[in-house]
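All chains are identified by letter, namely A, B and C, in their written order; residue positions are counted from 1 within each chain.
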Amino acid sequence: MEHVDETPVIELRHVDKHYGDLHVLRDINLKIARGEVLVVIGPSGSGKSTMCRTINRLETIDSGEVLIEGKPLPSEGRELAAMRAELGMVFQQFNLFAHKTILENVTMGPIEVLHMKREEAEARAMELLARVGVAEQANKLPAQLSGGQQQRVAIARSLAMNPKAMMFDEPTSALDPEMINEVLDVMVELARGGMTMVVVTHEMNFARRVSDRVVFMADGQIVEQGAPDEFFDHPKTKRAQDFLNSIKGH
Amino acid sequence: MSNHAKPLSIRDALYEQPGPRTRRRVAIGTAITAVLVIVGIGLIIRQFYITGQLAPRYWTFLAQPTTWRFLLQGFRGTISVALAAGVIALVLGAVLMLGRTSGIKPVAAVCRVVTDFFRGVPSLLLIYFFFLVVPQYGIRLSSFWMITLPVALAASGVLAEVLRAGVNAVPRGQVEAALSLGMRPGRIMMKIVLPQAIRFVIPSLISQLVVVVKDTTLAYVVSYPDLMQNARVLITNYDALVSMYFTVAVVYILVNFAINKLSALVAERLGVKIIR
Amino acid sequence: MGLSELLSTYGQDYLTALLTTWWMTTVTFAFVMVLSIAITVMRVSPLRPLRVVGDFYVQVFRNIPGVALLIIIVYALPNLRLVLDYTTCVIVTVILMGSAFGSENFMSGINTIGVGQIEAARSLGMTFGQIIWKIVIPQALRSAVLPMTNLLIAVMLSTSLGSQVPMSPDELTGIVSYINTRSTGGILAFLIAAIGYAGTAAVIAFIGNRLDKKVRILR
């Protein structure tokens, strides 16, 4: 890694988690440096989404530590809310607020959490909506938009908080094929702009093209990680080789 | 999201996994409210006690088989009215629904007015109609029909709407496909739409039975011996008003609770929603 | 009796009865809403005893027949030294039953909100209170409009329980019973009251549908 001396934006130390008898995360250790784009891949049920969700405590952990800029993630209350406000999260199902317009979706966080003035929040929201290409839809409701547009709004909603890092939990998995690229393009743009990103995805092209590092998970463990070209061309472990073979042609 | 252990109900999703502080607060709150609830229950029991309602003479009749035999007789009356009214309401509801969706304007309009009328009028008013008004025209009905018919009419309006919701839930494309095969609209309704619609609404029909059972308790107005009416008879015999009414109320609650549970169970089995 | 005779003799009684039904419905429904909210808060609270009591309340009062509850309140409560006048008894009965259904409506309103929206709000750094007030309640209220319209109609129909106790003045069902026991009012005597109910129900349904169209959340 290139940024060794700097405190990682996100760090997971010996993270373990069970669902009943199922050991979903096993001793996860991971550091994400500022500006790094980390792609997490692996078969379904490998724990990659769960890992992503532990970073802002949408999932709790049984043991270990989650550190944000070297500080432990608070476990509740305003401290936790404040920490979450600094991390963006984009979900598979978009999760836009159904009763709010697109513009209101994007201004909700800045107004409610950052106590920004409405006019300021709206101006900034319009800027972001233009950046993700849905400015014309600002006064529509989420249900009136296509999946791809909704996901781009969700990204704008996260960006409106000026996050230190963004997590993407399978952001294109619920999209029709023709809409996947419009979302990926926005993400590529973000990555180029220097955003620190954790991306759980099945989009191998995106992983190869954009990521700084690929993490391969299986059975709740990090099995292998490395630079994208190295990982995709010369996977070291059998599990990773099998996985890559199984998705070829998709 | 495949590794979520169990799908969260929204009731639980409102709360996060608690941290230590929250856990402590919840524990304290739980303890306090538990005490409050227990004290509340205690106060109610105390009120029963100091007013003498817990005296054995008010409750011992519940141990006598004759009491239950008589109540069971009444319960049989309740069941016969409920079932008869349910069947009539279903037939009438189906007729009203078919009329309303027939596409024949005057028929549809009449069925709509009739449906809305029966949905918008209290069962008690319909009971008084059969009890007080109908005899004025020289028509003599038995007490069974004087309770069964109004309960059935009141339910028919609701059932017509439930059935219509079921018909609307059948994908439009199937009707179009059938039309393109040259089937006539009437046949399409009978052969394709209705069978599926009924599947959609079975749980809702079951849950509507609760409304019918509740309405049957008005049978005492026409002196038909249902559970409620027989309970009233027992009260005059035993002079045990509070205990008797509580017992009967509990029976009704349990019966209706069971019907609702059955409805929910069937809904889950069939994978359909309950329309209310 | 013809219509003109019926109206000249009992017209004033009908009007009073209709107004009585209306004000009972209004007062009852206001209390139903308040109590529904309270019960719903109990049922979604993190405190188990409150949840249990709330769930129990709903199961009891949505399954008890109205007349059984009315009789308990009218005849049994005085034995427990709790005496209410007849009109209050009817209103309390309908409030208890109505609020059980009202709470069910709110609960299913809350249930239409996806877990995902709550998580998204959490990720933005919104506090529990903000999530409840900005995300949960607005959506639950909007999707409760239509069920609550139906509940309002059901509440009105349930005030007909007033005919089972000596109320003064009578409400709309009681008046039909009153008229028909002293003269042969015939089908007209019944129809006037029925139209009073069905007409009110139609107006309520119309307004409810309009409101619902305005606030409904597309999904």
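Quick notes
Criterion: a contact is a pair of C-beta atoms (placed from the backbone, for glycine too) under 8 Å apart; a residue touches a chain by one contact, two chains touch by 3 or more.
None of these values were measured; they are calculated from a predicted model.
With chains reduced to the mean position of their C-alpha atoms, the one farthest from chain B is A.
Among all pairs of chains, B-C has the largest number of C-beta pairs in contact.
A separation of 47 Å divides the Cα centre of chain A from that of chain C. With centres defined as mean CA coordinates, chain C is found 16 Å away from chain B.
Across the assembly, chain C contributes residues 113-114, 119, 122 that each touch 2 or more other chains.
Residue positions of chain B touching 2 or more other chains, listed in rising order: 16, 18. Against chain B, the residues of chain C that register as touching in their complex are 43-44, 46-50, 52-53, 59-60, 62-69, 71-72, 75-76, 79-81, 107, 110-111, 113-115, 118-119, 122, 128, 131-132, 136, 147, 150, 153, 157-158, 160-161, 163-164, 172-173, 176-177, 180-181, 184-187, 189-190, 193-194, 197-202.
Residues 113-114, 116-117, 119-127, 130, 134-135, 138-139, 142, 217-219 of chain C are the ones that touch chain A when the two sit in their complex. Within the complex, the chain B residues that touch chain A are 1-5, 16-22. Chain A meets chain C in the complex at residues 56, 58, 78, 81-89, 91, 93-99, 108-109, 112-113, 141-144, 154, 157-158, 161. Looking at the complex, you find that chain B touches chain C at residues 8-11, 13-16, 18, 26, 29-30, 33-34, 36-37, 47-48, 51, 53, 116-117, 119-125, 128-129, 132-133, 136-137, 210, 213-215, 217-218, 220-221, 228, 241-242, 245-246, 248-249, 252-254, 256-257, 260, 276.
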